[in-house]
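Shared between the two complexes below is subunit A, which pairs with subunit B and subunit C, respectively.
Right after this comes the complex of A and B.
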């Protein structure tokens, strides 16, 4: 079951704060995040990896789709 | 791959060290004492050069500010991160920039100079640092309460180019120094405004800083905020590196003079050193980043950050014209009152643009 958040256009630190809150709620599973800046991509990736999640980033038309998944299956 | 390498911690450490050493060396080369780099002071000097205020000792078009934007622009273009965007409460950002400058000029420095003053031995900066952290903490309270300036929108590329073009205009004024009948462009003949490192060295160093900071997302306010808000020490590492590098560099260059009295471009009124930076710290946090970060963002096409910078420059003009800025003798006549009013405005912004107001209505 995958969930999705769109944090495009939000100012720092709201993208990472929003995603962190969602990950804390989810505990495991897959979260798809749409971001529009390199800063948000880096911040969210660093936060997710540091808290034990896997992150896969795909660039699409100057924006990014982050697939954040729990390491435990 | 190149995009990824700048995310590693060693690059933020390198950026902090580079800024710390550069600032102390720029001071050695002519910039004012403990003010090798100060975003607020340097934007204030630009405001003076343009005649937005007439404090004769602080008027100079600082090439460092221009270089920060150019460096960030170049990095953003190379790494394909230049994105014109706008529309996230720009007028509110102008107000926050204005108030941040009012607070910073009561303390006499931005977050960068707070660290550089500490690294130069200025004990008064401890009160400014305490104020800055307090302001950031209040800002975090609002962020945790749902504070949000709204989403920006992608817009025409030209909108993102406006700030770099303004900087190009300033650079031409600095280079050709036209003298108009009004007296503009104003350049100080004495005082801090007359003290500066050679133009092209300052510009080049600032461009390298702008480039590095755009890649590493260096931000002195987010450094503290992220540790508390999301338990992330990445940016904090960079800020500590800046402080330590500047301290060591000052010791080597014999620019370290510990004490409270007679510190350069500083005053000893600790209440308002603290209070000024509470206001600045809160305004920076509500706007999403320190004044350096706002310049770097404006270089990569963020027109809202550019509006914040313009708010700071106008705020500097106001601060000197309306006697809210401090001098080495102490706070200006209206300095304390302006800090109190500024804090009230920031609190209203924080409450009214977060979920706190909604909760109150629901109750």
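Right after this comes the complex of A and C.
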């Protein structure tokens, strides 16, 4: 089962900081993140990829759903 | 309890500027006063307004106000004042007198923070040779601080932001990256040695010696909210001539340690916005990684001066800048003739 986190409405750089903390706790698995700006989508993606996660982004009504998963199953 | 100034604010420093395209739109609706005494006004996004009193005397007038970029209130006061005073220096002027402008949340009653902010500002005005003469305050949710500054300039020696000449060399006097570092401070991942470096540069006055100002400087501006590329674009596009610039990426001074913060997602909305607006002007002649490229768009608070100077005098200028404490000043490129849409060539 994946975990979910909603960082919409948070000001920069809190979305990426919040997701980073969550990923450090999880260590592996799948995290679904809701973000409302392109900047946060890009920052979270960059951080996650650079710390060894895979990211898939989907745009939904001007907002974004990021599926972050660990590379090792 | 540790009180963190940056937790009291949303966007920080010059990254909190209104979108330049929207700003242009609003400003175009304001009726502009044409008067031959007004040597610099709205027309080419000058750093400050200049009013000619007589043949030998001009007044430089500017106002700047920013949100916190560091947590320490005294340091923030120094940075905000240095940033405000910079606009006078960027016109070739000398500050005479300044007024505080401050927004602060009354409800929280953290007036000791406000005391420190104002003290930091007052110390910088004194260091710049100006007099602090009053101010104005507003009760506001987010703290903000800055100065309105009046300075003096010889009207014949005003240095505009849009008067570079083909063949000029471009000098940048401070390293880039302070916007990314303040985002990393807010994200609580910034290391002390990197923050110290950023604070050192943000609190360094952009005051140049008379000897430097008397060199053949054709154009001068400070690099702030629109990032290096944004301010370069103003310099060439608003010149009214067919000018471009060729910039060497390896020569652009950057504060050590910022690439790691970029990889950890510490890029401000302001940097992404600047990139979106100005990247259509950029021609990349080399492969640029995201982190190297985004630094060129990073909004700088109290950033360095961008000097367009006669190539004959560039060596002397660099030598003097180094003597005056701008130890990381570098020649970053050259002004060229260009009709191309992509007038900023990165090599």
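By our rule, the second predicted complex is superposed on the first by the 73 of 73 C-alpha atoms of A that agree within 3 Å, B and C clash if a C-alpha of one lies under 4 Å from a C-alpha of the other, contacts with A are read in each partner's own complex, and residues count from 1 in each chain.
By definition in this document, a residue touches a chain if its C-beta (ideal position, glycine included) is under 8 Å from a C-beta of that chain, and two chains touch if they have at least 3 such contacts.
Only a predicted model underlies this, so the values are computations on that prediction, with no experimental measurement involved.
Asks: Considering only the touch criterion stated at the top, classify A:32 as touching first (subunit B), second (subunit C), both, or neither.
Replies: The answer is neither, since A:32 touches no partner chain.
Asks: Touch check for A:8: first (subunit B), second (subunit C), both, or neither?
Replies: The first partner, subunit B, only.
Asks: Going by the contact rule set out at the top, does A:16 touch subunit B (first), subunit C (second), both, or neither?
Replies: both
Asks: After superposition on the shared chain, which partner residues are touched by A:62: those of subunit B (first), subunit C (second), both, or neither?
Replies: So A:62 only meets subunit B here.
Asks: Pick one for A:47: touches subunit B only (first), subunit C only (second), both, or neither.
Replies: In the superposed model, A:47 contacts both subunit B and subunit C.
Asks: Which positions of subunit A sit in both the subunit B and the subunit C interface?
Replies: 11-14, 16-17, 20, 37-39, 42-43, 46-47, 50.
Asks: Can you tell me which positions in subunit A touch subunit B when the two form their complex?
Replies: 8-14, 16-17, 20, 36-39, 42-43, 45-47, 50, 62
Asks: What part of subunit C is in contact with subunit A in the complex they form?
Replies: Within the complex, subunit C touches subunit A at residues 10-11, 183-184, 186-189, 262-269, 272, 290.
Asks: If we count contacts the way the header does, which residues on subunit B are in touch with subunit A in the complex?
Replies: Subunit B residues touching subunit A: 3, 7, 79-81, 83, 85, 88, 143, 148-149, 151-154, 217, 222, 225-226, 229-232, 234, 288-289, 304.
Asks: What part of subunit A is in contact with subunit C in the complex they form?
Replies: Subunit A residues touching subunit C: 11-14, 16-17, 20, 37-39, 42-44, 46-47, 50-51.
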